[in-house]
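The structures considered in this document are given below.
What follows is chain A paired twice: with chain B in the first complex and chain C in the second.
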Partner chain A sequence: MISKKIRLSGSVIILSMAVFIACSKKSGSVDSKPTENGFDKGAMLVNYADNLIIPAYTTLQQQLGQLETAVNTFISSPTAANQQGLKPIFKNAYLQFEHVSVDQLGPAEKVLFTNFFNTFPTDNAVIDGNISRGTYDLTLNSSINQQGFPALDYVLFGSNALQNLNGNRAANTKKYILDVLAHMKALNTDVLDKWKNSYRAEFTGNTKSDAGSPIAFMINQFAFEMDQLKGPRIGWPYGKQSGGVQYPQNTEGYSAGISVALAVENLTSLKSMFNGNGSGKGMSDYLVALNKQQLSTDVIKQFDVTINSLKTIPDPLSTALINNKAQIDAAYREVQILLTLIKTDVASATGVRITYQDTDGD
Partner chain B sequence: MKWFKLIQFSFSRLQQPVSAAPLATFRMLFGLMMFAGTLRFWLNGWIDDLYVKPHFYFSYMGFEWVHPLGGTGMHVLFIIIAVASLLVAAGLWYRISIITFFLSFTYVELIDATNYLNHYYFISLIGFLLIWLPAGGFFSLDTYFNPKLRITKVPLWMIGIIRLQIGLVYFFAGLAKLNTDWMLHAIPMKIWLPAKSHLPIIGQFMYTNWIAYLFSWFGAGYDLLIAFFLINRKTRPMAYLVVLGFHIATAVFFPSIGMFPYVMMVSSLIFFGSATHLNILQLLSRSRTYSFTLMPKLNTSFLKWMLGIYFLIQLVVPLRFLLYPGHLFWYEEGYRFSWRVMLMEKSGNTFFYVKEPSTGKTYEVDNSKFLTPLQDKMMSTQPDLILRYAHYLATVYQQRGLIKPAVYADCYVALNGERSRPFVDTTVNLAAQSLSWKHYNWVLPYKSNEK
Partner chain C sequence: MMKNYVFYSMFLLVGTAMVSSCSKDKSDPIASYTVPKTYDFTGADYTTSTQRVKMSVELNAYIGSANTTTITATKANDFFNNTNAPFSDAALNNSGINLAQKTSDATVFTAYFTEQANNSAKNTVTATNGNAGILVSGSTKRLVGAQGLEYNQAVVKGMMGALYFKEAVNILNAVPNDDNTTVTNGATAMQRHWDEAFGYLAVPKNYDTTKTYTSADLDRPLLWGGYLAERGKGIQAGGVIFGAFLKGRAAIGAKDYTVVKEQIAIIQDKWEQLAAAAALEYVTIPTRSVNVGNLATQFHALSEAYGFISCFKYRASRSKLTATDFQTLQSVIGTNFYTLIAETNFTKLVQAQTILKATYKL
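This part shows the complex of A and B:
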């Protein structure tokens, strides 16, 4: 009489476990694409991969090639005129980087792409030491503040740049510049290849929103870039963290004097990531499908307000920190509003946790 | 008179000897599950992430003396938990093992309030209850080595208190769901379910309203009633089927709740009668059948008093929120330790400003310098944690040379899919506010007419 009950509950347990396992296995496949409510998350991810992320890396690849050519021209005859000629090409490549800055997921996250490309401020003393010694290992994680665009900015356009490229350190300096560039190219090629060969399928096939999924990653990255804009790009150099003591030399692209242009490009590219380049297949459209039309509109509006507000600050930011406080204060307020919208309202509406790390919750 | 007799009857029924088998299987399953959970925690790298890497830990009031023990210390502590779990399962040095388990597990949970989870609290409570029960006296290594320790029967209440504890968890979780957002608007289900549209077959329904209502109402009904159906012998097998179905569904839909579904599926087995449990034990070892009766010798009057007070606390604590004014989900005063599981969608972000009154200088705080992203997220929606962090900032900036630093917070919180709104009065110096169980007046009201 007991064994009957046991057998019943036993078989029930086994049966439900079987169903559970069967279900969890199936969830890996992509054959079911729900398009209820007229929204297809898979198509949104395809749009991100094919029209935004992969093209951004491809363009950066081209720009790095052009930069390399121009850098070679400049270092073979390092004159002030050639330095000026290099600047717009350097700027273009750096601006293009701002388009992939937010894409730190998948292969880019594995190699810490953004960290190696754009950790600023650089440690100039260590860079100088590297150049003098002529020995360094740019693949080490501890060397992220000795390379990338910020290091090029310093070595190519810093106040001692021409002197170093013409003096007795010239050979070592030139080698360092080319090594930094080579490492950047290698990283970008690696990430682009991985996207094309394998990660695209993984990315577009995962429409989940839990920690580690592309959607959660993207929203977390939006929040992260907003934090970067508010802190390292504007707030910290401006003295927000330090009781008004300013750090102009800590701005992004300090030596080339292009900080505001970079910040504007960063935010503009963030906006096109948010609205899926206006294709109808972006996060903003996903919000509409979730009945958050107003929020979606408000976020796009706030993007525009913030971008326009940033544009009122003149480059170089290092001098604007003193001369254009009203504009910076105004832009800072708008950045803070946009940050809250993304970090709190958008994350909440999409059920994504802003944690950058995975733990249990309830 | 009729009622009196009924109560008298129930009390005498509670003394009635029943097989100790349910306690033994419960002990084994609980121990093994805790071992698996500890292992999983370790392998996920969470010991380092949650208890070694952070610079600052959110203590519980009254437990400020609980500190993390450093990288080696924390790993040793988790080894102790794991070993104690296995010893509990095996029933070896049972009393010492279960006390060790309870103390070490609870110590870890008390380190940082941002890691609070209802099922961790549940595990601590079960660990505490097991200390007082002779769960090591049957089908254990202790009795194998020393048959004198063997018992075969226990009074029914000894199994009953575990059932009661589980029943309270479910019932309070159900009560908590009886609010307008959950029942009338199907929120937060409406927010969470569309994120699950990747699931096969059912995924396509995730954007529809009816499924959100179905989940909400079924969830509330399940929590409120399941314990009663489990207690009733006739409905028990069917009810356990529902337990399995429900918790497997929650595990599939909300994988981030981690061990919780498994804890509940395994714990609910205690509702089955001794015959079932004896059969389970016989699967492990066929030879043991006992026809004699050996009852544990216990100081029952002490136990009765202790357990009476324990369950009184268990009834009062989840209801303490009634003493606070304002919207519970907004203020979260009386929210923890009350079985409010996956009840609301709440997120926020907070900017802190440290001001030096004498110079008027303002220092904006980069939270990532002091908190992990998880701590930052948890802190931003819970007033007591905001206050604790503000106090910490005041000491840090004082050490940096600021004179009498004042701390202000600009905080925005979005609750249950509504737009974010200001959470903290930006004019209040939080460094001067004290931590207490009183209502926090510096939290801005949820609605303008609210106290």
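This part shows the complex of A and C:
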């Protein structure tokens, strides 16, 4: 009897262990192996880190430095001519931001990078109040719509910009501009440093695709950026959510009049992220390894179609909303097709769950 | 994923049969017994528990309607006290039981009813810091109080703690001392109490962790039962708790008290961990970049967290959560929600996340 008990206990432990081990593995899902049909997922992530993400933040850091120099020149002599001279430099930096917009994961997610850099539309009344009072805290999460590129766009190129920079609010306005820029530079430095010092290893070392993994984050971000394109960048200002009532002042880069350029840059950079910059080590190649050659081809083709369609809309978007409806309608349709391909087909093929829209039932 | 649960339940069942036959016994030898896969025990009855769950569901629907209609505290109290035949289900009106008699801190909840009723008069104005009103996200309207709290969430999730979780914990604490000899109406007092505790989990007797229940399923998991899947999948809450209830009930029949006590510990620990998993998700959602600036989503999550954190007040004495950490959690979630989401780096919410992760190994 005793020996039977021991034997039974032993088999229970072994059985339990065997099953427990089986439980801890992701049985049969695509994320269990670092390689897939010879495709090296780790090398793909290294490509993303070293050739796309870290260089994008590095370039943005340089562009922000150039922007700061140009801004200082402008605010020391705020003339219409200097304002025009500043605009291409501002535009370049803003375009470069579109390359990191999709990288909202890891250190960027921790500091709410995109929220602080590009929440639009801004709350102009609050910005005006901040400037008048001269007191504000740009680190507060509640201040995301008072800073970043959209706030610079408003304060540097808004209809009252020259007046404010030359009138009795000039000192406070200049200080605000520099404070906003300083916060952007600090955030970018922080994220770039974290990528270089610690996060790169974490990112490249995790080849899984479960919730919270780099691959899942990237697929989610691809879909999220497409949602942004369909919504705040194009659709919402166009009136898609408001029964045709348009909000031209809610477009991205409204005062500088560069919304379409930003949207095109955003999508072009998204394509580079999708195909790993054509290196053979991108998500598109991973799809091929997963036997989804057709989907991979379809998505790249749809990227091109959509980018070209967007390019037919002339800047400024705020007036194109009225004058170029046919082009906007056409581009919007292509955006929707691409969105569905990424959010549904690519996500499903890679075994990634789209988690950023947590639809809480109750 | 699904395969894991199948594995897991197999583990439970296989483990069960063997553990029971080799348990130590100090007095009478324990005859071997099997653990069924469904809660189909002879004489099992948990009607009153089920009725109280159904009562809550109706109460919740009523107070939840306050975002579109005006409600009264009087009517809410009728649901709470089962007065004036408030329920659409006549069996509940005639049951002779009510929610209030089993709810700890009942005055807290009646105060919530009053708040919610008062707020319902503001369901056409936009909420601002200091003023109750409506917050909108997409097509969802959330009615919040002056500090951002949705009082219906405070009621629903709060009562999941102050009634169902607390009752289950306390009943299970007392079970080892219950009479297990005298059979009345087909069951002993120990069996009857075990059934009653099981009823508060609110799952069908043939609960299936791999099934996705919908509102089309008349006999579907409710309240905690629903949260087994909604927030407890990552910790296998459904399989573990349901499995332990089955095993414990079978063990009572065989007078295998060692196993009964083991199951009590498993249920209490896992149930509390489920509350923690839910609380953790709900103090994390507001900090995700995608939700930042979306007050309706952020405050809804915080309101859920408010309720789930209150559950810890009724935790078992064996809980790993220290009094100090519980106090900190309460203090964080008791902070004005407008302050919580504005805070630089979400200091307080991150503090709550850290406590929950460390204490409950999440």
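Here is the rule we go by: the second predicted complex is superposed on the first by the 323 of 362 C-alpha atoms of A that agree within 3 Å, B and C clash if a C-alpha of one lies under 4 Å from a C-alpha of the other, contacts with A are read in each partner's own complex, and residues count from 1 in each chain.
To be clear about the criterion, a residue touches a chain if its C-beta (ideal position, glycine included) is under 8 Å from a C-beta of that chain, and two chains touch if they have at least 3 such contacts.
No experiment lies behind these values; they were computed from the predicted model shown.
Participant: Looking at A:Glu109 after the superposition, I want to know if it touches chain B, chain C, both of them or none. Which is it: first, second, both, neither?
Facilitator: Second partner only.
Participant: According to the contact criterion defined above, which of chain B and chain C contacts more residues of chain A?
Facilitator: After superposition, B is the partner touching more of chain A.
Participant: Is A:Ser159 touching the first partner chain B, the second partner chain C, both, or neither of them?
Facilitator: Touch status of A:Ser159: no partner.
Participant: By the touch definition at the top of the document, which applies to A:Asn206: first (chain B), second (chain C), both, or neither?
Facilitator: In the superposed model, A:Asn206 contacts chain B only, not chain C.
Participant: Which positions of chain A sit in both the chain B and the chain C interface?
Facilitator: Residues common to the chain A contacts of chain C and of chain B are 5, 8-9, 12, 16, 19-20, 23, 27, 356-358, 360-362, listed in rising order.
Participant: Which part of chain B faces chain A closely enough to touch in the complex?
Facilitator: Those in contact with chain A are residues 44, 46, 49-50, 115, 117-119, 191-192, 194-201, 203-208, 237, 240-241, 244-245, 248, 251-252, 255-260, 272, 275-276, 278-280, 341-342, 345-349, 351, 356, 359, 361-366, 368, 372-374, 377, 412-414, 417, 419-420.
Participant: Which residues of chain C touch chain A in the complex?
Facilitator: 3-4, 7-8, 10-11, 14-15, 18-19, 21-22, 64, 156, 230, 285, 288-290, 292-293, 297, 300-301, 304, 338, 341-346
Participant: Can you check the complex and tell me which residues of chain A touch chain C?
Facilitator: 5, 8-9, 11-12, 15-16, 19-20, 22-23, 27-28, 104, 108-109, 111-115, 119, 137, 139-145, 224, 356-358, 360-362
Participant: Within the complex, which stretch of chain A touches chain B?
Facilitator: Within the complex, chain A touches chain B at residues 2-3, 5-6, 8-9, 12-13, 16-17, 19-20, 23-24, 26-27, 29, 31-32, 34, 36-37, 39, 41, 206-211, 215, 227, 231, 235-236, 240-244, 289-290, 295, 336, 339-341, 343-345, 347-362.
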